[in-house]
Structure formats: structure tokens, C-alpha cells
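Note that chain A is present in both complexes that follow, paired respectively with chain B and with chain C.
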Partner chain A sequence: MSARTKHFLVALLGAASLLAASPARADDADTSTSTSDLEGLLNENVVQAASKTSEVGTTAPATVTTVTAEDLRRYGIRTLAEAIDFLSLGAVTSDSQHVVDIGARGVMIPNDNGDHMLLLVNGHTQNEPLFGRAVFGRGASIPLEMIDHIEVILGPGSVLYGSNAMLGVINVVTKRAKDWSGVHGVAEVEPGKSWRGLVGAGVLFQTPLAKDPADLTVALEYYKHDGPAFFYEYRYGGIDGASGRPYRYSRNGPENGYWGGVANDGYYTRLPSGFLRLALGDFELNVQASSFDHAAPYRSRYTKVFQDFDDPDSHERDRRLGIDLTHRARLSSIARVTSRAYVDGWDWFADVNVSSKAACLGAGDTSANTCTLGGRGRSRWAGLELRTDLDWLQTSELVTTIGVDGRLREIKSKVDFFDFDTGRPLQSSQGLIDRNDTLIGAYLQQTILPTRWLSFNLGARLDKETRFDGVISPRFAAAVRTWQGGTLKGSYAEAFRSPSFAETDYVSTLQLPVAGTLRPERVRSVEGSFEQKLGAQRLLFGVFRSWWQDIVENHILSVAEQREAVRLGQVTLNTFGVGQFRNVSQIDNWGLNGTFEGTAGTDQQLHYGLNVTAAIARRDESGVQRVPLAVAPQLFGNARIAYDIPGDWPTLALATHYIGKRPIDRAYDGGWPSGNYAPPQLETRATISGPLPFVRGLSYRLTATYAIADRGAYVVGAQQVYEGITPDRSPQLLPLDQFRTSIGLQYDLLP
Partner chain B sequence: MRRALVLLMMFAVLGAGFRLLSACLTVTPIIVERDAFGGPDAGCLKCLQGPEACAGLIEDCEGDPRCKPIYACMVRETCLDLLTLDDKIKCGLPCAQDAGIQSASDPVITTYLVGLVACGQEKCAGPCNLSDAGVGL
Partner chain C sequence: MSVVACVLLAPRKSLGDEVAVPVALQAELLAKVASYDRNLATRAGDRVHVLIVVNAKNDASNSFAKHITSALGGVDKIGGLPHDETTAPFGGAKALAETCRERRIAIVYLAPGLADEVPGIRSALDGVNVLSVAADAAEVAKGIVLGFDLVSGKPKIVVHLGQAKRQEVSFKAELLKLAKVLE
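Now for the complex of A and B:
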């Protein structure tokens, strides 16, 4: 631990000790308590993350979808990405098998590691600093059964959270013990493909440490998947420039230049994870740990450019440990203070094996039969956030929120090159990053409710980190209750993303250092919406427009630029495809979205919903034609219906989501004469769930999912770009699993 | 007092977590000492230029306006006489790029230069150190 880190922790301890010594009790309605109670009282969705306080979704200063635990169970949802796709408004994901990309309102930036969307779990940031990575697929490592609700907040959200909240903020809130009491066991199988096991508990118990009972929820989960074994059509990849013979695409394969076949071994996930939440008196502790080991069998545009076909040893592993300690105190009748201390660690291990001589030449030695490109990274960060809410009138009509969030970060990474067979290093490590930096953000938010029908939310946040000048992110929002059940909302917001350290600091023989300074990406957005409630029905219609600037991309140098770089001594002229991260492009985005949802029946047995988004997003680069964004769908949405048959009978549910035709990831740099669009996708899931008769506490869930399209939006294989060396004039696209089933059993041993 | 105990306990968890984080993946850089390019040995070029060896291919290359400057550069830089294939390629690539070649799959490379390597393996394996074992294919 560095001296600087120690000093920081000492300061952090001191601040928290002061709070602990405070005589006041935290008996206020803090942000994490009783969400479901409030919802029941108000017949409204209650959200927390939009303004860091519990408020009804109708007047929250953004468009918010709340996905409840009941929805997750009812519609057979198994991952965060599925919850977004099947149940949310305005957000969408796209699974490349290597990563799950996330987008919103027509903007999606493929392979961005999820760094344009801020992911929170109980308010704790998940995005790490090396890549800005947040995982939305299985690797999110949040046991679904523990989730109380998911808030999907669209639009810029940096006003309270700082970097990464450009597309929006997704906040996962876990259950309290009273909502998950007892001991729970879950076993779920996708026959022949995957299984998942979970044990967990929710307990309220007395301790001598606090007057109120301690509230503990804890779960351990293991997920494993293998396959399915997709067939990748054989395609000829050409002559290996370093050997003079056709390429070899696997360690034991022939040098015949053909890539493809049945991928039996190289598509898998191993994911142990655990989550603990303990509320004790005024304190709340959240601990989250996971190890996400996964592999996909194909080479792709981005980091797996050279990967052997179906190689189980080419894999990536993210490990994460996050600890978050929150203390809430009421200092006076108007002042509440929330302090949060957190430490996080994340490490990254990626091995990519390649049996091409040309790639091994780049790795340092063609005498290796197979060389391994090994990425290793690590980041640790610790911080303290102090927030004061001043409810001046004690009626929630005039509330000022002031907060400051300081963070220390340590980021290290490197890329190594090994002989796979012997483990011998082939050259010295490249791409060394070794940084310590400080980040501080201060925010101010004012909510004003001058009348019962009008509310304002105004705020701004200033973020300053070692690499950049300060960035200010304002937000202005207003809501007008027009008539019974009707609300008109409008807002203006800005957000930013600090480039990741991989973008600002990574340098190698193939990657030039950034020229000058890389500016943070910025987005400005205006939106308006109208919402009408009619009994148990809710109808929302909204329009939005956003302007994105300074989008960071890895620009591949032209020959002239590379020569200039050689002249300046920045790079040696011994390779092709040298890149440099630059602020390259802008995005112009506008569109509309709508929701209709509700319940019907004497006991609200019938549930239904529909979300639709239509958007236009154009990438704009100086001197280049404006084009739609690769991979990003411009039309998408979902629909669902479920019926709870009264008594011990099952719940029947059907959910479907649609993604319109969209450009593939290499639509603009692949040069393919045809096949540059992925087909529309309609995926439908039928779910039956309910208690098993005769066995108290045992319940089941059966799902069947069918997707009409068998191809995704990502080019796979050795021929990433059209070279004209074979008759193929269209790229090979990612194969998809069209039909899936799952069987799940849950046992709840209630106290 | 109770509050202080809880605080202590919670910070013990934070501290333990921080210690645990220190034990994660090592990212210490690896340093590999390598010899510079092997010293030139004029035997390889002389062999390749022999009428019984690869003279025809070299003639074809010199007849191609895109290939000619590359070959001339490689001769000037004594690329072909360097010790290993890796060294020869690393020396030759800048020549290709200087001549405007932008991709390793350019026909000039796949036809002439890869052809020259293949020919060298067949006809001048000894002088050019291009035996199969040497090339490591």
C-alpha cells in the first residue's frame, strides 16, 4: 500500500469516526428502505438512483423503467441483459459472445466494455477504470433471486454520478431480509448447455451491537455453461506472410488456410460469485465478489483479432471484489448525512493463442508453433462519498443535496507474449500502464415543489481527475401534473465519460501514444415526455434528442501518418495497422419512445406491457460520410403478457423483444460488397412458473425461448475484411442459439 | 460504544478487503533480452541471385514497378543476409511500407516476397538459414 493510499484511508477513517460519534439516530427514510412499502402505498414505481433519493418514477428527473423481482421471476429472466431487453424501455443489449454490448435510444458503441452506461449495485459503481468495464450479461454476477428491482434510467446521469453515465444509469437494488427471509436454494438447467446453482439466506437477528435487528441477505452462486457447439462455415484465409504457406488456425490443425468447423470446446463460462448485504443499526455493508471466466471460439474485429479457432485455452477472466460501507445519520430535523466508504479491486487476465507465423512474428519469434498474447491488468480503488440532504421545510418540497466523492485509483496492466508450448517469453512486456490517480467530484442538487402540480430538479456536478481539467455536468428538469394521472416532464442534461486508462495510456509497437490530451467524451440531451395513468394502466410517450461529441476511437494511421510518426521517432516502420486513440467523431441522435403497461383482473392477475423505441443516430466525422452507427438498432422494443392463475396454479407468461435491421460491426471498414446488415431479430420466451403441489416451499420455472434470426451483427472468422481472395462476397456472421429451454427449481425454507 | 464497535467491525471488513485486493494478479513487466539482428552474411543474397536458384523470381520482381524498389531496398539494407527469417522480415517490412504497401496480404508480398522465401527454403536453405527447422514452420 502506498503512503498516499494510507493517508487517504486514515482520512477516511477519521471522517467516518466523526459520524459514528454523532449522537443523532438514522431513523429517517433512507434511500434503501421500504421501497416496496412505498410502492404499495402510492401505487407508483419508486426509484432511488435518478436523484439519489426515493421518489416516484412519474416525477423523477429522467425516464425510468423499474423492473421488479416479480417481473424477473414471471418472465423467466436470467441475466441483467435479458431484463433490459425483455422488460425495459429504451435500452437494448447485443451479445457478441466475447462481450455484451449495451445501448440506449439508438446509440450503441460496440465493444466499448459497457463504459458508456453506468452500472450500480445498491448505489455502488461497477465500472472499473482500466477499460471502464461494466458487465451486463452473466458476468454481472448479481444473483437474480436477490434482486428487489432494477432501475433503468435513460439519458445523461453524470449530474450525480460523474463519468460513464452517458447512455444512462442502471441501478440494481437487492432485497432486504424481510423480502427474502429464510434459506433458499435454486437449481436451474439449460439441458446440454448450462446449469446454475444458488444457495442464499435472508435473516433478521438481534445483536448486542444495535437496538434494531441486523438485516442480513447473502447468496453464493455458481454458473457454468459449455456451448452450444456452433458450426462456423469453412473459409479460406490466405497465405501467411511470414511462412509463405497457408495459415494454420489451430495448434494441431493443418496449414491449409481454412478457418472454421464445429466449435466444441471454445465457448464456455465459469462463474462463481457471492453477494452479501448486512444492515446493522445505522450502517450498511455490501460485499460483492466474482470470478468471471469465459471464452468464445471465434476471432473478432477487436481484441481477438488473431485468435485460433475453437481454442479453449484462449479465454478471459475478470475477478472482482467490492466492499461498500454506508452510514446514515440524521443530524437535525432538516439535515441528513450519508457517508459511504468503499474499496474495490478488479483484475483481468486474457490469453489469446495464435498459431499463425505472421502473428508470432509480431509477438517476437516465429520459431514458436503457437504464441500466446497475454493481457494482464489490475485496478484498485478506494473512496469516500459524503452527502448531505437538507429538507428545509421538512415536507420534501424544498430539498438541497450536497455531496462530494473522492477516490484514489491504482491501475496497472501489460501485454506479454509467450511460446504456448514452453511458456517462454518471446519479448518484453508491452503496453505497460502503471498509474495512480485521484478523482474528486462535487455535486449540488436542488428539488423544488412550489405547488402540488409542479416540481423542479436542478443540479450540477464538477468532476476533476488527474488527467483532465474539470468537467461540469448540469441537469435541469421540470414536471407538471397536468390533470388527474397526467404528468408532463422535460429535462436538459449533460454527461461525460473519462477515457479509460487503456485509451489514454496504452502504448505498444502497434499503438502510438495519444497526441496531446484525450478529451473526455461529452453528451448533451433534451427530452420531453407525457405520462398518463388510468387506474392500473400507464401510458408514456417521449421524445429525445442528444448530441455526442469527442467520441474516442482507435484511429488506424494512414501510410502518410505512419511515415510521419516514424520520422518523429514515435514508431518503427516494421508493422502494419498502427493505431492511435483520438477524439474522432460526433453522434447526432434523436427519436421517440413509448410505453404502455398495466394490470387487469379482480386480483390483478393479468399483467402486460409494451415498450417501443425508434431512433436515428448518425456518426459524424470530419471528411467522412454520415452513417448510422454499427451494431446499434434504430428500432427496438418488447412486449409481454402474463396471467397468474389463482390458487396454486401456475403463472403463464410470454415475453418478446424485437431488434430491427442494423449495420454489422464491420459495415464501414470491412469493404464487403454485400451482407453488411444483420437481420431483424424477434426473440420470444414462454415461461411457466409456480409452486409445486404437495411440497411446501418448492417452486418451479420452465422456459422456452425461440429467436427467428440465426445470425447476429458481428463478423466472425479469419476473413474480417473483404480481400477478394475467395468467392465469398459476404461476411460470415455470428451464429446464434435459436431455441433454448430451461428448467429451474427453487426451494424456500421459510422461518 | 455500540456504534464504535460496529464501525470498527465494518472497517475491519474494509481493511481485510483491501489487503485481499493486494494479493491479486501480478502485473510485473517481463524483460526479455534479445540480440539485435544477426550480422549479415553475404552468402544468402549471392545464392538467391544464382541462375539455378531464384534469379528468375528476382527478375520478375524487378520488372514489377511496385516490387522493384522493395527488392532494391532489401538489398541495400542487407535484409536477406540477416541471420533469421524473423530478422529478414522485420528488416524488409519497412522497405515494403516505404514503397506504399499497406497490407501483408498485398499481392506484391504474397507473390514475390513470400515466393522468394519459399524459393530460398528450397534452393538456398543453408546459406539463408531457411531450413524447415530454422524457419520453425
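Now for the complex of A and C:
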């Protein structure tokens, strides 16, 4: 950076700092001391997941956003996805009502089940192996009030965590009892749409088992939502090839070929969940359980293609139980050992009811009025991770981390077809998966601080599982403290995603087995950033470039390929839309991102922030035109401002997030003459929160949210592709709930 | 399995002896916080002497001492004054108080591993002109004047105001507004 640019930057931040400077207090006889430097230190983020050790975010080997518990409350955040959208840098979500897709820095792969982002809760992996699924919406089942902070770590993170960490790592850290002491109750309502109840407690108590008090935090939560009742345009789907008559799209509906109407019953969530964390002596136990039952009223390309319209009995349920026991020990003045044993269970149920004869033909019997596609799956896994940290000089200047993580996995799934009315099976089970698998990962990380202003982080991890040869994920990062408050960082990292077992093992009449083996997806990334702090203000600017290869997609057979498959006896003559998972494409991605945030006022009562990401991501496939990624936002960001009125008066906050225009999910294979882009979205939330006067321990939170766009990026309905049988030349896009309000009360009975 | 056995059977020290706020950040915070002590210059004279007290039998304690010594070595001034650091094993609360008086210690930094000694240290330091700092913020509630906690991934200053008065530490209002204050 030239001296001129540096002077400009410092002047810019200096101007901001002057606006934020604390004025001298007239009642202080001593010369007042500006607290801006101290405020800057107190705004420093301490992150854990970037290097598996506590370090300041400024010199962590990645770009990190920390979302605090206070931010979550202040800005009316209700889910992990909202925290990412309204408050983080570089990551973004897109809700299809079926799943919440997550992307970062311009890359998003719709309906990937979140399997390109690693989600951790207190360091415990949430991604399951059947689909690679991690849930970022309401189904994440993490009580918001228990969250201490969320670390959003951008860029490849497989160097320490293995598979799935291609876009980054999100680590949710829950509160300790000292920060959540007492008994707590929360009731929150979105009038006419949802309600949520939570009870929880945090307590320190003495036991004979350890010298230090045990630290317990626990919460039980229930969330229920119904609707809103969106209106879906009536669209003509055509003639049912199996019956020769127009399609029927509901169990008791007419055979008139029209799909659509008001969806009163088929959009809901039922979510009981619980979370417990107990720290006792050298041990820490985390237990998480949930049952996420949800339904969406429409059919889409990715999920439930043949589903009846607005059918409440077509729904999906994820149940999970995760137990994680960690032991930390210091073996000597330089050596610490962390041992972690974990066991997880995940069950999946998906019932899809279809009343079209063509679909029931595929299910095995057209005599059924309505046939049910019943997907069942389960994953069980257990593992042990051992990690040693060697602080050779006992000054954190030369630290070696060595770890090994071994896991046993059992994965089962099947799809059955039933007559909905009688329960009679229509054919044998398909898509049978019954696998036992072992994976092992070993990692090594070296941090070196040769001087106080220079640090290096080098590492690599080797992962091996039964389905492919070993994968190595390296990372190299360096940070230079250029001058007071200034830090220049650069890094190179690689990551991978093991194909899910649904991709490698699922076979049915419409899904061919993988030819040969599926290779892991890979990403390589370089990034550079410069951060400047001036008191409580922080400015960051970064650039990035990544290369993705061997992206796994479900390739739909061409006519020639279908003929060959028929010749080989793999498919029958009259099946269409047969797919096969292959390593199909590459993604080329580059862009820039920036942050400006800080606090101001005599008591730091004004909080503000701005995050912007601008990226280009292009999908490459042999023989196919290079195109932008479907659904992936290329320009997105957020801004926020909040003011804490002194005393028992409320906090007023405004947060907004923006997603630019983006291709819809069927932009490249739908053949639509128009309407292939979803409109830009600007969603703004106003929040008022604070203690209720005269009622000790009771606080409130009111939110109102308005979204400018009423349509999302997903094609819904019977007309997934343009067939020219109706005048409709553009697809019907997912309707969005533009205006939402919520009222929440929290009662804290403190010890 | 043998690795697991070695880990479980090896000598262990309590998890509670590990600090939450990175040591280098603690050093930077101390250097800034000290400048808000109105009595620092009077107490220290022209140089701030920092005494780091360790539990000699505790590896975490010894390791912390080396770490904070190195970190403070990278700090130019504490409270605007030059400084030096020495480490000493804990030899009793009264001996500690005597050392602080004799050697004009301005800041005494308690390394982890001395939790059981804090009540005695608190009593012994009553009336002694010294700023006591705990590596573990939990000790502040027991009577150490200053500590650094971690809340929502950010450091938080914790001050025991009552003990500060008894040890002739007078923090300015600007600091107390940024801190969690215990009486």
C-alpha cells in the first residue's frame, strides 16, 4: 500500500473516530482519557475454530465474522440463517421452504443440503453422512438464547476438519453458566404464523467429583409454524401419459390438469429440541436432540418433484441425537491433550404423496388413487479425536498441533411405495443403502510467530475412507501487523467434500449406479485482506479467488445415453429422466468483500456495521456454455445500526440485508423464454427490545420485517420446464412472506 | 487404545487452570487498563515493577508465567511508564504482601493454579498499595482487583471495586463504564 493510500485510510478512519470520540466529562477533575484504544481491544474477536485454539480474529488464518449474543438479541435474529444473512460477512442463505441453501463469496449450490459448509456446535460436527446434510434454518435446533457467539469462518477449512468445509466453517458456541445463570423462559409469537416456547437454566454447583464447580446449561424448546397460506397461480400441467387424461394434483381433486391455489395446510414446522452442556472438572459433555418435522406445499426440481399440491401428509422429518464428551488435560508445561469421543444418530423420514397416474406408474401400480413415496434413512456414527498441542517455548510463538480423528459410520436408507388409501406396498423397496464405513483423518498444524508483527500458520490434513484414496488438504497463511491497528493477511487453502452416500450408493429405476467411483469434490483458494482498526472502528477489505473441481451433480441421461442404458438392460424403454451422479463440472470464482463496523457514543450506545460481497462464479462443464451459478447471489451484503437508549429504555435497531438479481434454479435447463432471473431482494428488520419497566427479570423484543421482493429463486409448480402448452412464457417462482412481525417475552429468574 | 490409556492415565492438571482470554491480549489490555489507575504513578514511581506469582508445582501456572512475561515484553509501556517483570513462586499470602511493599511492586499478576490461595491473598493485600490481576477472571469475585473474562467471544474487563479501594487502586470512571464491576 502506498504512503498516500495509507494516509487516506487513516484519515478516513480518524474522521469516523472523531465522530465516535467520547467527550470529556465535566465532572471528572482529572484529564479525561480517550477510551478508543481500549474499546478497540475490547472489540477484538477471540475465535476458536479457525485453528482449534483460542486466538484473536485479526491474525487467525482466515476471514472470520463473530456474531455475538448481544447482536442476536439486539437485531431480532431468530435463526442461524438470519444471523448469517443480517450480520455476517461473505456468507448468505436462500430459503426454498424445503431447505435453506447456504453459500459464500458467490458460490451456492442449490439443494446441496448444506453439505459444502461445515456446521459445528461447540466443535461438534452437525453434517450427517447420508446426504451430508447440515441445517441452517429453524431446523438447526439451537436455542438462540443459549448461543454465546457464532464464528463464521470463510474459505476452505478441511485442514483441521476434513470433509464438507469447502465454503467455510460455522461454529456455534453456547453460553457458560456464568453468562446464563438462573432460570429462563421465553415465549415468542409471529401472530397468525408461529410460536416458540423455551425453558432453560444455567447453574454452577459444587460436586465431590471436581475441585471447580460444575457448569451446567440446559434448554428445552418447541417451535411450531403454520403458513402463511401462499397463493400459487393455477398452471396447467398437461396430460397424464399414464391415464390419457389431464393430471390430477391432489388426492380428492379433479383431473383437470391444473396445479395451484391457496396453500392452507401444507406449509408447516413442528420442532421440539433440547440442548445440554455440562462442564465438570476436565470433562465437558454436550448433548443435543431434536425432531424437525416440516412440509412445504409445492413441487420443485430438487425436492418432491411429483408431490400433490398443499398436502399436509407430504412431509419430511429429521430426528437427531448427538453426544459429545471432551476431556482436556495438561501433560506438561508444553503439552496439552484434548480427547473427544462422540456418537450421533440421525433418522430421516420423507413421505411424498402423489395422485398422478404417471407417478404411480413409476411407483409400480397405476390402480392406486394416490401413491406414497416413503423415504427412510438413518445414519449412526461414532468417533474419537485425539489432539495434542505443543507450545514449545510456552509463549504461543511456536505451537505444533497434531491430531487424529477416527470415525465408524453406519448408513442405511430405502424408498418404498405404498397405496396411500390402503397402505398396500406397490413394489419392492428401491434405493437400498446399507453401508458400514470407516474414516480416519490426521492433521498437523504449525504456528510460528518469529516476531511480534509476523505470524505464520501452516497445516495439512490427510483423510481416508473406504470409498476413495486419501485426500490431502493443505493450508498456508501469514499475517503481518503493518502499523498500529493494521494487519495484512494472505492465505492459500484447499478443501474437499466426500460424496454423500446418497450420491454414491442410491440406485433405483430412475437412478443408475455410479459408473466407476465418484471422486471427492475439491476446492483451492487464495485470499488476501487488509484490516485497519482505529479505536472501536474496524475496516476490512479482502479479495479472493477459488477453483472448484469435480462437482458432483445428478446428470440426466441424454437420448443416446438412455438408448445405451436400455441396450445394457439398465433401464426399461419407457422410463424418462433417468439420472446418474457424476463428477460433472468445475466452478471458477473470484471477488472481493469488505466490512466496516464499530461503536460510538460516551457509553458505546451506538452500534453499526456494513458488510458487502461482490463476486463472480461461473460453472464450467465440458461441451456446455459457461454460465453463472443458478441461485447463487453474486452481490450481497447487509447493514445494521442500533442505539441503546440509556437506563431502562429500549434498544432500537435496524438491520437490512440485500441479495442482487440472480439466475433461478431452472435458468439453464428450464427452457423458459423469459423470467429466468429472480428479482433483487432487500429485507429490512426493525427491532425494539429492552427490559419491561416495573417487572424485574422480564424483557421484551418486538420485530417487524419487510421484504421488497415477493418472489424467490426457485421454480414451483407443475410447469418446471417450458413446454409451450400454455401461454405462460415465464416460470412461477416461489412466493415469499413479505411482511412479518414477532412479539417475544423473556423472563430471567436470576440466582 | 494404548494412546487413549496413556492420555487418561497421564498426570493431569485441571482444565480450570487454562485461561480464556489469549495471554497476548491480556498483556495489551493490562497495559491500557493500568493507565486508568489514578494511583499508578504514585505507586510505581518512574518504573512499573510487575510480579508474576506462580504455583511452582503447576505446569499451567509456570507456562502462563513464561507466556505473560514474553507478552508483556512486547508492550512498550504500562500506564505510560517503562516496566519490568519478574516471576516468583507463591510462598504465602503474608510473604507476598511483604514482597510487594519491599520491592515496590506496582502490579502483582496471579498465574493460574492459585485459586485456593485467593482468599488469603485478598486479606493480606488489604492496605497494600498494589494492583492485583488474575489470569482467571473467576478470581475477581473472590477478591482480586482486576481480571479479563471472555463473553461472546470478546474480552471483558472485570473489576472488584471494593478490593480496589482497599488496595489503593482508583480506576477512572471511563474505565469502569467499560467493565463489569463487582462490589
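One rule holds in what follows: the second predicted complex is superposed on the first by the 708 of 751 C-alpha atoms of A that agree within 3 Å, B and C clash if a C-alpha of one lies under 4 Å from a C-alpha of the other, contacts with A are read in each partner's own complex, and residues count from 1 in each chain.
The rule we apply is simple: contacts are C-beta pairs under 8 Å (C-beta built on N, C-alpha and C of every residue); 3 or more make two chains touch, one makes a residue touch a chain.
If you're wondering where the values come from, they're calculated on a predicted model, not measured in any experiment.
Within the superposed three-chain model, A:Glu44 lies in touch with chain C and out of touch with chain B [touch as defined at top].
When the two complexes are overlaid on their common chain A, residue A:Asp85 makes contact with neither chain B nor chain C. When the two structures are aligned on the shared chain, A:Leu384 is found in touch with chain C, with no touch to chain B. Contacts of A:Gly281 after superposition on the shared chain: both chain B and chain C are touched. Of the two partner chains, chain B is the only one that A:Ile725 touches; chain C does not reach it. Of the two partner chains, neither chain B nor chain C is touched by A:Asp665. Once chain A of one complex is fitted onto chain A of the other, the partner contacts of A:Arg245 are limited to chain B, with no touch recorded for chain C. Looking at the shared chain after the overlay, A:Asp347 reaches chain B, while chain C stays out of its contact range.
In the superposed model, A:Asp226 makes contact with neither chain B nor chain C. Residues 210, 281-282, 327 of chain A lie in contact with chain B in one complex and with chain C in the other. Chain contact summary for the complex, chain A toward chain C: residues 22, 25, 28, 30, 32-33, 35, 37-39, 41-47, 54-56, 66, 68-70, 148-149, 151, 173, 178-179, 210-212, 279, 281-282, 284, 327-334, 336-337, 339, 384, 386, 391, 393-397, 452, 602-604.
On the chain C side of its complex with chain A, the touching residues are 3-4, 7-8, 10-18, 20-25, 28-29, 32-33, 35-36, 38, 59-60, 62-63, 66-67, 70-71, 74, 115, 138, 149-157, 172-175, 177-178.
Put simply, chain A touches chain B in their complex at residues 1, 9, 13, 16-17, 20-21, 208-210, 238-239, 241-245, 255, 280-283, 285, 287, 319, 321, 323, 325, 327, 341, 343-345, 347-349, 357-358, 361, 364-369, 376-378, 380, 382, 412-414, 416, 425-429, 432, 559, 562-563, 566, 572-576, 723, 725. If you check the complex, the residues on chain B that touch chain A are 2-7, 9-11, 13-15, 17-18, 20-22, 24-27, 29-32, 34, 85-86, 89-90, 93-94, 97-98, 100, 102-105, 109-110, 113-115, 117-118, 121, 135-137.
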